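In the two assemblies presented below, subunit A is common to both, partnered first by subunit B and then by subunit C.
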Partner chain A sequence: MIIAVSVAKGRARIADPKGKQEEGLMEIAVPKKNIIWAYTIVGGFGLISVITLAMHEYYIYLSAYLWFGFIYGMCLQYGRFCFASAFRDLFAVGVPRMVVGIMIATLLFAITSNLVAATGWSTFHAAPVSFHSAIAGLIFGIGMVFAGGCASGSLYKTGEGNGTSFLVILSISVTQALFVDWGGILNRFVPASWHESALQKGLPDSINVGDGWVDQYLAGYVWNQPVKTYARSLGMQDDTLTGAMLGNAFAGVFIPAVIILTIVYIFWVRKNYVRKLKVEKGGDATLRDHLAGFRDMVMASKRTSIAGLFLGIACGLQMFVIEGLRMKFGVKNAGTLLERLGHDFGISAKGTVFDPGYWYVTTQEAQWVGWVLQKLGMNNMDNIYFGWVNGIPSPAINPADWMSVALIGGAAVMALLHGEFKFKAPTRELAFWAILGGFFMGIGSRLALGCNVGAFFVRTAMGDMSGWLFGLGMIGGAFIGVKIFNWYTERQMAKELAGLDFEL
Partner chain B sequence: MKQHLFIIVTIVIGFSSFMLGYSLPPFLEVGFGGGAGADMAGGVTGEAELRQQFEELYRDVEEQERGQ
Partner chain C sequence: MAMTFAKKKEGIYELDVTGYVCPHPQIYTKKALEKLGEGDVLEVVFDNPSSSESVSAMCDSSGNEIIEKIAEGGRFTFRIRKA
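Up next is the complex of A and B:
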């Protein structure tokens, strides 16, 4: 198959998209307008950075989020980094390439981010650990298969012009913003112990902690759970070289990742590999052959792994930059900077806004909707999520929002330069699945306090025990999602076939 | 295409390096390693501790108000 090509710099080239995917470095020609758009996007972000820096030094804090977001977008698009595709490919058609790539990427990310942690300058904070992470992962996993993209995957696909992915993002955002403030009938499902415990947390009067399911779940249950990392469980400190590299990276990531990769090899790769070997060499496969097969499986996911490595480096650098800027400006959170700049709308009761200091996806999207709802007259500042922790500052000056917008921009630039950008409007059926999947992902994200990035990828890499719990739940959810999806499509096909009239 | 990608990557690296350079001086003053970041942040190492500090603060305020 040949893709349409126009002339860039006076030279025409043709390219096979399949070959391009595999090789990654093959020269392809792209329409000139794509190149102009790519420069326009980069130039636009550059201008924003320069102009805002000229306005006030503090805006460099937002620009730091912007440029690292841009890098994340480029990496995600390059590596086709999507958890939904990974597990759908594995469970539906038995292709493990993306799952293997994500495992390798997690491992590489763990090395770089734990090096940062060892210096004592990491902005990462571990989350409470209990079975709630696994349940949340299960709900999230079902949702991402329904939607056809995880939270980060949907963001980069939005940058490729995919309208369905944009709907997924919108659905996640709306669901989160409404779910965190929802009381009413949901209050009936709050255990009395949660309610009592939440009231005892001493939150200010502006936070109506006794009303709202998520509020009571957070203050009455999640906050009571222990925070555990592998390093601390092994009697080490997270911010020492031994604790970070041996406890968190090796024991917490390397060993589980090797176990998962071995399971993938045994159940999905070995059979075909042995069959291929028999045809080529004859005889049974030896242990050495299996080790070679394992290596081939790992090497086949080069593109995702490279993306993971650069994601890891960028994430580590972002932690350094954000922590350095916090020290330079004498703040612990961007909320103080926004207040100093005169933007005091939507700052939380404790003076903070969402400011993770590393790669994160879902919360800033919920803030977009939270801000709009607040402007429309709904009180979104009386719940813990917005009112006490993250705030709902204007998207125009929200640091994490700059990261998400730039992430979409970075992905768009990569897609434009690879000839992969195309506006695709969702069909009615795809829109239905996008909204439904986004709904489940939104619920799962709030229950886990993060998505496939914040609750799995980053936490797992940093040795937070809740990361693997979410991951296991997500894998289970993806499996269930694939089964439901297969059942639905088979049913639809049977219906369509039954409706056809065959004339013999 | 590779040439354009190279130019864009260079621009991105340029901006990111500027950010890195801008945030570097505080590290040079305080030094790397050994949890220096936690000390610099005023002893608050995590969200849980930050939350506890605020809980204590609000408890004190409430007690003061009750006393009045």
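Up next is the complex of A and C:
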């Protein structure tokens, strides 16, 4: 119970926060300038939508991305929704809050997105499945622990004014843009079978598929792997109600999520729950007590769960809206709209640009760096990633970039309204971890064809078998990352404790 | 600014992890609490909002009591009594 709360300008003091200890919530009076800034950001995005719509109705397609990005940003900041913290905090400090939140969000997204899939309006395409997803997840997982946030987490934390997170985004962006075009010495590490297979894919001459590690990895290995969903493996179709809901949502998400949460309860939560129960009631815990403990674990952080609920609904709704707009304008990809609007720079050889139709993070980050490098004279359109599939349109008219910028804006608005916005420049120590972590996440993203959102959250929810493979790799990566981080922080702590009277 | 851990007075310690992002604040808090004796108080100062949830949840599960939370201009101070 809170027995004393004094609120001054931007200051909150909770003398006895016991009742809210689980949530860590504090009522904070928000300075007026924060509210003005929040209105300014919302107004700015509103103006962009109105002005561009007045220029041409096609721009509503970009605005749809923008406003869904804005919603994602608000949800992520409100729920402190960061995939990096899920297993990292579990391994490092025994906190299951975010594992629960992510399982809830994935399950809700699975319900909404598979309902959309059952109508035949889904924008999702499953990815090839093989152990490459797990390896990519492992690399990504190590990176997100080093960086202090996953790809989407770093975006929302940038919206909180965090300079370190902005540096993480820069590192992910640059790493990806360079990695996808890098040949030279890396060509030596391409197996001959990949090289031969890539050359047989019949790509146009403008795509120099025989040069570049990622090109040959994609065309010579990844594209040869099978595409599997839980529905198809159970003899159902992805776009039928039974296939979508029973095969992909129930068998592919609900059952694995319950198994993961049960493991988390048994190994991380049960012991403390039983200890608390003994103090409160005495005696040993019964099965009913454990079921209540499991329920308490799931309900522990309402803030994260609420964010997960809205994220899940918004993600499914975005698929529905984008596909609806595609039907309205008679296109299958935003590249056609951009060309009709006269923006033909950076359109891929297929006439497409990156246009997932759902929440995605890393490709648009690579694209803007690819665009800058192209403008500086580097040929970035001779690789599969940019030249054949995603293009490098100007960030000013790139739908997915509108989504990411708005995500940062949405997070900034939420942080401003909660008195949590603060500009923080990175220190040298944090800059090192940010760049290193961003580098690992950039490599992992391109190997998996997505990050914690594109390769895990969306694919898992849609019953794509590669989703959980990436997730398992990410959990392994988080474990390794935490081990390394524990070693590092122990050393730092030992230095601080040297002058104090502690046993080291 | 680098992390600092100092003794303020007998039984009261301060851990300042201002400027740090996840997971530094919660890991340093856990390690600092492990060094303290029963009844000692740790004042943790940080400005990474998401760490407030993690530190709160960590204390709840370990039995350490958060006796005061102060939030001011994006900066948080938690006073934690070691169980």
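Criterion: the second predicted complex is superposed on the first by the 463 of 504 C-alpha atoms of A that agree within 3 Å, B and C clash if a C-alpha of one lies under 4 Å from a C-alpha of the other, contacts with A are read in each partner's own complex, and residues count from 1 in each chain.
The criterion applied here is as follows: a residue touches a chain if its C-beta (ideal position, glycine included) is under 8 Å from a C-beta of that chain, and two chains touch if they have at least 3 such contacts.
Just so it is clear, the structure is predicted and the values come from calculations on it, not from any experiment.
**Q** So, does A:42 touch the first partner subunit B, the second partner subunit C, both, or neither?
**A** first
**Q** Please work out whether A:191 is in contact with subunit B alone, subunit C alone, both, or neither, and reply first, second, both or neither.
**A** Touch partners of A:191: none, neither subunit B nor subunit C.
**Q** Touching A:226, do we find subunit B (first), subunit C (second), both, or neither?
**A** Touch status of A:226: no partner.
**Q** For A:30, decide between first (touching subunit B), second (touching subunit C), both and neither.
**A** Only subunit B is touched by A:30; subunit C is not.
**Q** Can A:64 be said to touch subunit B (first), subunit C (second), both, or neither?
**A** A:64 sits against subunit B, while subunit C stays out of touch.
**Q** Can A:300 be said to touch subunit B (first), subunit C (second), both, or neither?
**A** second
**Q** Both subunit B and subunit C contact which residues of subunit A?
**A** Correct list for subunit A: 28, 418.
**Q** Can you name the residues of subunit A that touch subunit C in the complex?
**A** Subunit A residues touching subunit C: 10-18, 20-24, 26, 28, 80, 82, 84-85, 88-89, 92-97, 145, 148-149, 157, 160-162, 164-165, 269, 272, 275-276, 300-301, 303-304, 415, 418-422, 424, 427, 429-430, 482, 485-486, 489-490, 492-493, 496-497, 500-502.
**Q** Sort out for me which residues of subunit B touch subunit A in the complex.
**A** Result: residues 1-5, 8-9, 11-12, 15-16, 19-20, 22-27, 30, 32-42, 44, 46-48, 50-51, 54-55, 58-59, 62 of subunit B touch subunit A.
**Q** Per the contact definition, I'd like the list of subunit A residues that touch subunit B in the complex.
**A** Where subunit A meets subunit B, its residues are 8-9, 25, 27-30, 35, 38-39, 42, 46, 49, 60, 63-64, 67-68, 70-71, 74, 118-122, 125-126, 201-204, 223, 227, 237, 239-240, 314, 317, 320-328, 332, 350, 410, 413, 417-418.
**Q** Which residues, counting only subunit C, touch subunit A once they are in their complex?
**A** Going through subunit C, the ones touching subunit A are 1-7, 19-24, 26-32, 35, 47-50, 52-63, 65-75.
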